[in-house]
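Once you scroll down, you'll see the structures, which are given as structure tokens.
Two complexes come next, and they have one chain in common, chain A, joined by chain B in the first and chain C in the second.
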Partner chain A sequence: MIGEISHLLSLSAVLLLSLVLIFNLFFSFNQSHSNQLILSMRLFNQACWLVFISFGIYIYLAISDDFSIAYIANHSNSQLPIFYKVTSIWSAHEGSMFLWIVFLIAWSFLFINALDKNHPLKKPTLLMLSLIILGFLLFLLITSNPFERILPFGAIEGADINPVLQDPALAIHPPMLYLGYVGFVISFSFITAYLFHGDFKLDWEQDIKNWSLVAWIFLTIGIALGSWWAYYELGWGGYWFWDPVENVALMPWLAATAFMHSLFASSKSDVLKTWTMFLGILIFALSLFGAFIVRSGIIDSVHSFANDPERGLYLLSFSGSITLLALSVFAYRLPSLKSSKLVVSGSKESFLSMNNILMITSIFSIFLGVTYPLIIESINGDKVSIGPPYYNTIFAPLILIAAVFIMISVDALWQRSMSLRSLFITMAIPTFLSFVSIYLIWAFASVFSLLAYIGIFSGLLIIFSYINRIINNFFNKKYINKGSAVAHLGLGLLFFAVSMNSIFSYEKNLNLAPGQSISVNESVQEFYFKDIRVFSASNHDVISAEVSLLHDGKEISLNPQKRKYATRGQITSESAIHASFLKDTYLTIGDQLENSSWTFSLKINYFIKWIWFSAALMVLGIFLTIFKKKAS
Partner chain B sequence: MLQARKNRLWKLIIILSLSAGGILLILFSLNSKLDLFYTPSEMLEANIKSGYRIKLGGMVRNGSIKREGTVITFEVTDFKKDVPVTFDGVTPDLFKEDSGVVILGYFINGMFEAEEIFAKHDENYMPPELSIEEGKQ
Partner chain C sequence: MNQSLRILIILLPIFILVFFTKILLVDEDLKLSSFEAKNFPAFELDDLNGRSVQSESLNGIKLLNVWASWCITCLVEHPFLTKLSKNNVEIIGLNYKDSKSKANSWLEKHGNPYLFSIYDPRGDLAFDLGVTGAPETYLLIDSKVVGHIQGEMNQQKWETIFMPLIQQATQKK
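Take a look at the complex of A and B:
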């Protein structure tokens, strides 16, 4: 019964949103008619509340173990802690789509209500948002209904959440990621509304700047959390796999990053306005493309949900239509858009534009990498996959060029050309220091990988440039943009950490019996497999190994585990990780052999924690930017 | 159109076409780095060269897993042909007999030497080709 109420509330929201659209599209285009806007706003807000309440009830249903609802029966279990009963809602397609839509509505609701009631773009933005929400609500209810009942008798017990998803990081990762993805519905709708409206004297950048920055923060945290979870939970010790689904998250991120930069440029010096608009539309279009790839199952990926042509077709046609709508208006208005000022060569915005082009190039390369297997398959039926070598080869040169431009732009000025002399001074110190460091690293590592060294060099260029600038700021009181400095230091550190990780990390497979001890190499002098213990925890059985390592003269004890979950009979590995400043000691236990010995996989991962630390720095940088803007 | 704007347009076109050209070149050169996906029967038919890295997808044949030290051997089947596989390392948790697996590696002298073994997040996963064929049976 309660399930039906929840279902009905969502259906009513569909009705109300349709009313909003019908009222405005068929009855009047009269701008001055304020009552119409008030009515539409009320309808819209009520529709939003209906969906929020519907989702609230759905959470209640999950907590109270209503296994007559098929989705909950398939993904939850009465033995689960309440926290995971709630997070089980977004552990598969239907529920996560529901959450995605709730976030879409939440962003739209907050934005449209925060917009001044006399703002000329309020009505077109409202219509655009209503259209998008309506489309996705219909998608949810028609193709992937989370409210579906098991009739006539519900299940007695739920099938349980997939154990690898029973994890705090993974519980937070999808919500963060979705908040990031759908947050860009605001720039998308507002820019499209602006283009529809046609009064190009309006200033639109300020209204969406902070919203976009916040969405960017969520997207970054979402991606970083996903990669962190993959690292410690999946037991293969990697953090990024260039999997199609990671790629479709990276594309909107790159577009959003480019958008942020050109938004700063266009508000600082009145350039790149048209370009910024295009990017604002592109981000959400790429988010929708991501939703299509993941939820249609068209591309084979570790993340993809079950293959479903109906869902794929709906998503493709709906996402395609609204993207096409936005781009058509954009193309139609292009000739009459207020021509912005020209970019002065050698100014800060000129380097920023170059990096914008690089980001678009990288988006394009990823897009090719993701779709290439589809193209090949439709041409000659061959199944191919594109792995890390492709992306590494493409990204290394792009990163190097980007780093050089970032380095130059540190000292460049808005709207003014830079003299050759100051260009030379800017570049000299960081370049020199980076070359020296590269030489030292090479001498120490004595391995050579061109791509990795390019990455390290690029990272160091950025880091040294900003450190140089910070020192200058300290002694000569030169101006420094704190947010930008922190975020770019994060970026430099990211390049550095990723590349250093790829050079120095290594893996050893071992086979030992309990009580046995061996020496692995000069660094891991002793690997002592003390004992193995078997015990039961709340909803799983545990096999836990006690291992102590003598690693670089320090004694470390590690307890890698294997767990067998009762309801699904599924086995998961819990890797044991010991983190120090430079490296992680990462141990997973494998299988038992017939002679009662066990296999282990020991990984020494250098600079890996630095990767997430650098993401945190980038997020912090954008936080600083938001608060600086508020203060001024 | 202003001369300056025209110049800018040209610059933009040149930059974009250069980057597009660059990517196309890279893509062509990387054709050799693509991993082709095969089922066991397809792979045995296709006569793969030993230096050529491919992806092999199928089911782990029941009762075929054998472990020796850190090395594991098993057979991958599509219910028509079997391919013996060897792998040195710890297998993913979802790797077990009678379930789907995708393996990246080289086919050398009748033995598939695995570099990496992938198992899906979803334990009900099956390579698409196989689920179709099983449906037919």
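Take a look at the complex of A and C:
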């Protein structure tokens, strides 16, 4: 009964949103314009509340183990802690789509109510948001209904949540990511509304700036958490796999990053407006593309949900239509969208626009990487896979060029070109220091990989430029944009850490019987496999190995485990990780061989924690930017 | 330049849309044909009458239905399974975490649609098959698992999930 109430509330929201659209599209009462807006706003707000309450009830149903609801029966279990009963809601397609929509509505609700009631774009934005929400609510209720019951008798016990999903990182990774993805519905709708409205004297950048920055923060945290989860919980031993679904999250992130930069340029100096608008539309379009890739089952990936062509077709046609709608208006208005000023070459915005082009290039390269296997398969049926070599080769030069532009733009000024002399001074110190560091690293590592060295060099260029700037600020009181400095230091550190990781890290596969000990190399002098134990925990059986390592003179004990979960029969691997400042010692236990020895995979991962630290720095940088804006 | 850019902005997404629609429509057949059949796990178990089960009995086109006397949804799908068995669909039961006496009296009371039922009180075979709970139904073709349905078996699932697989298998032959 409660389930039906929840279902009915969502259905009513569909009705109200349809009313908003019908009311505004078919009846336009010009003289009572403001009343019409007030009525639409009320209908819209009530629709939002209905969905919020509906989702609240759904959470209650999950907590109270209502296994007559098919989705809850299939993905939860009465034995789970309450926390995981709630998170089980987003462990599969229907529930996570529900959450996605709730977030979509939350962003829209907050934004439209925060917008001044006399703002000329309020009505078109409201209509755009209603249309998008309505489309996705219908998608949820028609093709992937989370309220469906098992009739006439419900299940007695639920089928349990997938054990790899019983992890705090997973509990927050999807919500963060979704908050980021759908947050860009605001820039999408607002820009489309602006283009529809056609009064190009309006200033629109300030209204969406902070919203977009917050959405960017969520998206960044979401992606970083996902990679953290893959490394720590899934036992994959890596942080990024160029998996199609990671790629479809990276594309909106790149677009959002470009958008953010472009937005600063166009609000500061009235240039790049067309770019900014195009990027604003593109981010959400790419988010929708991501949702389509993940939920249509078109690509096999660890992330894909059960595939269903009907869902895919609906998502594709709806997402496609609203994207086309936005792009058509954009194309229609393009001739009248002239920036009032031209970009001065050598100015800060000129470097920003160069980096815009680089980011579009990288988005396009990723897009090609994701779709290329599909293209080939549809042409001659061959299955190909595009892996890290493709992306590394593409990205290394792009990163280098981007780093050079970032370095130069540190000292460049808005709307003024740079003299050759100051260009030389800006570049000299960081370039020199980076070359020296590269030489030292090369002498120390004695490995050569062109791509990785390009990455390190690029990272160092950025880091040294900003450190140089910070020192200048400290001694000469030269102006520094704190948010930008912190975020770019994060980016430099990211390039540096990723490339250093690829040079220094290594992996050893070992075979040992309990009681044996071997010497792996100079760094890991002793690897002692003490014992193996088998025992049962609450809902799984555990095989736990006790290993002690003598690593760089320090003794480390590690307990890698394998777990077999009873309800699903699934086997998971729990890696043991010992972390120090520079490196992680990462040990996974494999299978038992016939002679009673076990296989181990020992990975020494350098600089891996620095990757997440750099993501944290970037987020911090954007936080500083938001608060600086608030203060001024 | 401007004109062609405007056309490109609209044409490119349309092109992408058409491409993915085409893939989606083709994908359905492709997914079925490339479904990798898994071998049925090895096992040594008796049936409910105490006779040991021969692995040859899994040859041909068979359904393997996981059931138990304590399972309520099994009772829901029972009439449909009975109907299938009357239409000469061969169904093997996998009695899951149950007791022999309860299982046999359940079959006496409600009727027996199964050729025979493998008795798996500890759920060993079910574990190897990856059963998550009762009921579940597997489609076996010549001792290979080619299809799998979790939860209640009904007319709709039979027609949309298993029938195409069976048709495909018989066409190949």
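The rule we apply is simple: the second predicted complex is superposed on the first by the 627 of 632 C-alpha atoms of A that agree within 3 Å, B and C clash if a C-alpha of one lies under 4 Å from a C-alpha of the other, contacts with A are read in each partner's own complex, and residues count from 1 in each chain.
In this text, a contact is a pair of C-beta atoms (placed from the backbone, for glycine too) under 8 Å apart; a residue touches a chain by one contact, two chains touch by 3 or more.
Predicted model, so just to flag it, every value in this text is computed and none were measured.
A.B. asks: Among the partners chain B and chain C, which is in contact with a greater number of residues of chain A?
C.D. replies: Ranking chain B and chain C by residues of chain A touched puts B first.
A.B. asks: Once the structures are superposed on A, label A:Ala513 by its partner contacts, choosing first (chain B), second (chain C), both or neither.
C.D. replies: The answer is neither, since A:Ala513 touches no partner chain.
A.B. asks: After the superposition on A, what does A:Leu15 contact: first (chain B), second (chain C), both or neither?
C.D. replies: neither
A.B. asks: After lining up the shared chain so the two structures overlap, which partner does A:Ala579 touch, if you call chain B first and chain C second: first, second, both or neither?
C.D. replies: neither
A.B. asks: Check whether A:Phe330 is in contact with chain B, with chain C, with both or with neither, and answer first, second, both or neither.
C.D. replies: Touch partner of A:Phe330: chain C, not chain B.
A.B. asks: After lining up the shared chain so the two structures overlap, which partner does A:Val447 touch, if you call chain B first and chain C second: first, second, both or neither?
C.D. replies: Neither partner.
A.B. asks: Check whether A:Val436 is in contact with chain B, with chain C, with both or with neither, and answer first, second, both or neither.
C.D. replies: In the superposition, A:Val436 touches no partner, neither chain B nor chain C.
A.B. asks: Is there a shared patch on chain A that both chain B and chain C touch, and which residues make it up?
C.D. replies: After superposing on chain A, chain A residues 307, 568 contact both chain B and chain C.
A.B. asks: Mind listing the chain B positions that touch chain A in their complex?
C.D. replies: By the definition above, chain B touches chain A via 4-5, 8, 15-16, 19-20, 23, 26-27, 30, 33-38, 55, 67-70, 72, 88-94, 96, 104, 118, 120-123, 128.
A.B. asks: Where on chain A does chain B make contact in their complex?
C.D. replies: These residues of chain A touch chain B: 162, 164, 234-236, 300, 302-303, 306-307, 339, 342-343, 357, 361, 364-365, 368, 372, 376, 382-387, 389-390, 393-394, 507, 509-511, 562, 568, 570-573, 588-591, 593-594, 599-601.
A.B. asks: Which residues, counting only chain C, touch chain A once they are in their complex?
C.D. replies: Listed in rising order, the residues are 2, 5-7, 9-10, 13-14, 17, 19-28, 30-31, 72-73, 75-76, 127-128, 130-133, 150-152.
A.B. asks: In the complex, go through chain A and note every residue touching chain C.
C.D. replies: Its residues touching chain C are 70, 74, 150, 152-153, 155-157, 159-160, 285, 292, 296-298, 307, 309, 312-313, 316-317, 320, 323-324, 327-328, 330-332, 334-335, 371, 374-375, 377-378, 567-569.
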